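The first chain written gets the first letter, and so on, giving A, B and C; residue counts start at 1 in each chain.
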Amino acid sequence: MRLTDRVIIMATDNTVLKSETVPNPPEERKPVMKNHKPYKTGDTTKKVTANILKYTFIWGYFAITFGLFVWVLMTSFKDNREIFSSPFGLPESIEFSNYIFALFEVNMSMYLWNSLLVALATVLFCFILGSTVSFVLSRFKFRGNFFIYMLFIIGLTIPLQSLIFPMFFKMHTIGLRDTLIGLIIVYTALNLPKTVFLLVGFMKGIPKEMEEAAIIDGCNYWQVFSKVIIPMSKPALATVGILVFISAWNEYIFATVLISSDAISTLPLGLASFQSSHLSEYGLIAAGVIISIIPVLIVYMIFQEQIIKGMASGAVKG
Amino acid sequence: MIQQKRWILALFALPTLLFYTYFFISPVLNTFYISFFKWDGIGEKVFLFLGNYMELLKDPIFYSALAHTLYWVALVILVQIPVGFLLAYFIYQKVKAYKFLRTVYFIPVITSSVAVSLAFSFIYEAQFGILNSFLKLIGLDQFTTAWLTDPNTAMTAVSLPFVWNYIGLMMVILFSGLQSVPDELLEAGKMDGVNSWQKIAYIILPSIRNVLVICFVLGISYAFKQFDYVLLLTNGGPVHQTEVTGTYMYKQGFDESRYGYGNAIAITMMFIVIVFTAIVNKVLQSKE
Amino acid sequence: MLKKNKMLVFLASIIVALLFSGCQGGTADEASGEAENNEDAVQLRVLHSFTGAQPQAPVIEPAFKEFDNNHKDIDLKIETAAGNTILEQLKTEMAADDAPDVFTHWGMRRTENYIKNGVIPDISGLIEEDNLKEQYREGAFGPVTYKGGIYGLPFQGYSYYFMINKKLFEEHNVKVPTTYEELKDAVVKFKEAGYIPFAANNHSARYMLLTWFAQKKNYEDLVAHSTAEKPFGDALLEAAQKADELAELGAFPEGYMNMATAQSLELFHAEQAPMFYQHSWTIGSIDPELLKNYQVIPFPLGDSESVPTTLAGTGHFIYMSKDAYEDPEKREAAWKLMNKIAGKEVGRQFVEKIANQTPLKVEYDVDKVNPVLNEVLKNIDRSENVLPSYEEELFASAVEGEYWPLTDSLLLQKIEPKEYVEQMNAIIEENPNVQFEK
């Protein structure tokens, strides 16, 4: 913890120094100075309209997003007839039949659990595999460094659906087709480029002095990695964690092809089977959507402070 | 100072590199390799060398799909990131109930694309869909349309779920960037009496440039790669009207069994994305 | 720091749990559990698409399970890919040289490539041995007959049926159409009365076009056109003009190009549309409470030279893979399973339980059958001409991908009927049906 604090102080020190030692503001800020007077005397009406605009924007966007959520929630309690006759009305009665059907007849509860396992394990693997290589790539100069980094960057650009076939062959060869572990490996591989891109970017921003100090204190590489770099990279890890979790949670195309046993299907697969043209039970679909959102929403709400705090404390330095 | 052997570092990198090479790079090379062949997935591969690429250059559907994809990129740059930024900025100013807002804004991000598509297919549905019902409710009957098939609206209609889905993500990333803007700078700005726009343009944006680069790179790569919304909402139709490169490639591979051609599209797109990302990096970096 | 460690422990414990559950991963199927003790059991990997919300699931899934339970010497490992996702699934497995031993699929329009490449074996020998042909309707093997060989067993039939809402016709005093001209009148009148004339999507419109075309053709003609022996001419042009005209008159709902079939049926249910022309799989989804208002009628005749025609045939088949065929034990087991799924009992249940058509000659209890299906079946019997649908049975595999968007372009008025015919000829010329060659 102490090490982290020191770095942040050093980092802010730099900027403080900069803003203090430059007597004149940077050039682009000069017009600001000129505007200084007129603005001070400026009218409050301008401010009021600005505020109105601001709040319309915030709450307007809120209304769209929350409205949609609430609407799906209400639809989930209705049957088709009710949906068509009063699409915006409150449900006539709160009946959980759609939920019960979705959870137990369509087995959403099982899909939920599978998805959660896959997403969390993918995040963990990405953390382990991504942080070690990022540590080496960001903190040490050696021949081939740039080349290896570019290998990951290229991974960011390839359209993933073109990898379905070769990935399937791989999984087939090593006998992991139609297993959750196989799916986790595939998701980890697909998310590594993103992970490395973000982590290398962040770790490069960590001042060199920190690890030099640690090395002088007698730390070996492992200790530098685990005691200095990882704690300081928490914010970036939080970002990576969200991104990877979401992509593993949402992934649909690879799961379609790799998973064919119902018992290990993931949530998107279950949801997609709802949409097959043979079904138009909108209430049931809505219940499925809600079921797929609630658990992640809860997880996010529990961890959101940590995530935001984590991301913000050092900030994504890129 | 203890001299450590450099080769120890290899122990850190090697497991990941092996994993990545085996599970990612080799599939990519395979894609690259197949793109030189005519292959239906089971039969003999016929070597065409650049044949698939030559055909691609003359394929009008590919160009329209590419145009649609670029439209997505434009939406990311002009709508997704700006809206995400404004939301982040207002939340950063701690408007009333900002914590609640922050959670709600994030809901779309954690909703799976399949679920989002399902919800939107019901919104757009021409007969019972809520968008048309709503327009009728407020007396704007003349604006109702079949959102997903009307040539004027179809492309925008399939894009909206994608744009909306990721605004919350952009918001969170930009928000964390805003937290890092040194207070001293803002204080200095206040003393100079800058107005809000000046503050954003001259103080905030330059100091979160790195975070912006992340948003642009992620947003653009998502825009080029994302295709499940289209696949689930319109499947690229009617008549390729909403085709994006992602769906076109997928359909060439799976529906038409032209894997070689599909892979040639993939490799071409890869190069286009690399060029785009490089440009973004140049533009945003050059200001430094 | 503490929090981080806790998180790690949490994640790690999940991974451990995962590893345990992962061990059972692939075979986590209760049905196969009991047979696992039996070391000598023949293992069969089965892939089928009739699961979840699919209308055929209530018959197909229990049939597989029953087979598994009744054959202690055969151990089924069942994989599913609901609806159309089986297309991707099978293609990927085939490409990885990992075909399932037994699988369900459409006819040649989607298996041509596998048959051509020899990954699906010719089973005509097995069929002859058991003298199976007798128990199926004539022509049932059409879509799996390729250059003289037979490659699968049929288990699901289809037809296109025309259904109207009698009540609405009476209320608005519209004559029930028997010809295209009368149909046009009905469309105009209902349109004026504020209805959507057809509860249709783009599939319905295409089926109409195909039906008007077929009303002037016999089976030999259809074959000659699909093999590019004879180019399409006036008959297709006239059929295309009719579909085009109806689209222009606004006979179809807004957004029909993109509408799921089930959604279009909802329009009919909601009495917003008085007419419906669809594939027979939808019969089971019709709301039984509204049945008394409905009537199945023959599809209106195109003109005076047209003959009353129903498009009907076989749509789904069960296949075995070449690898299973070459292993005598597996072949025997797979063949037994195929006979079960494409057998009379399943056929009877298709008709009685889920209102689907069967390609088998089976006895069934008319009282147990959905009344719409009864009428559809009667209507087929009454038709002078029963022909296979082009897109289900006769077009080469590669045609579908271009023929669908081409027909959509016609309906969207992007191309003229004349161009439609020309381009159809070009497509067929490029991908002629070769299944009839020797």
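In this section, a contact is a pair of C-beta atoms (placed from the backbone, for glycine too) under 8 Å apart; a residue touches a chain by one contact, two chains touch by 3 or more.
Please read all numbers here as calculations on a predicted model, not as lab measurements.
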Per-chain C-alpha mean nearest global C-alpha mean belongs to chain B
Quick one: point me to the chain whose Cα centre is farthest from that of subunit A.
C
Would you mind telling me which chain pair, B-C or A-C, is linked by more contacting C-beta pairs?
A-C
Distance from the mean Cα position of subunit B to that of subunit A, given in whole angstrom:
13
Using CA atom averages as chain centres, what separation in Å is found between subunit B and subunit C?
36
Cα centre of subunit A to Cα centre of subunit C, whole Å, reads 41
Which subunit C residues touch at least two other chains?
88, 95, 263, 266
Among the residues of subunit B, which ones contact at least 2 other chains?
41, 128, 259
Touching two or more other chains in subunit A are residues 84, 164-165, 169, 272, 274
Note: in the complex, subunit B contacts subunit A through residues 1-2, 4, 6, 8-9, 12-13, 15-17, 19-20, 22-28, 30-31, 34, 41, 83, 86-87, 90, 95, 101-115, 117-119, 121-123, 128, 130, 133-134, 137, 164, 167, 169, 172-173, 175-177, 179-180, 182, 184-185, 188-189, 192-196, 198, 202-203, 209-211, 213-214, 217-218, 221, 224-225, 227-228, 231-232, 245-246, 249-250, 253, 259, 262-263, 265-267, 269-270, 273-274, 277
Residues of subunit C touching subunit A in their complex?
1, 3-4, 11-12, 14-15, 17-19, 21-22, 25-29, 47, 51-55, 79-85, 88-89, 92-93, 95-96, 98, 260-263, 265-266, 270, 281, 285
Listed in rising order, the residues of subunit B that touch subunit C in the complex are 40-43, 124-128, 144-150, 234, 237-240, 251, 254-257, 259
Hey, which residues of subunit C end up touching subunit B in the complex?
87-88, 91, 94-95, 113-114, 116-117, 119, 196, 202, 253-259, 263, 266-267, 272, 397-398, 401, 405, 408-409, 412, 414
Which bits of subunit A are touching subunit C when the two form their complex?
1, 80, 84, 106, 117, 120-121, 123-124, 164-165, 168-169, 172, 177-181, 184, 231, 234, 256-257, 260-264, 272-274, 276-280, 306
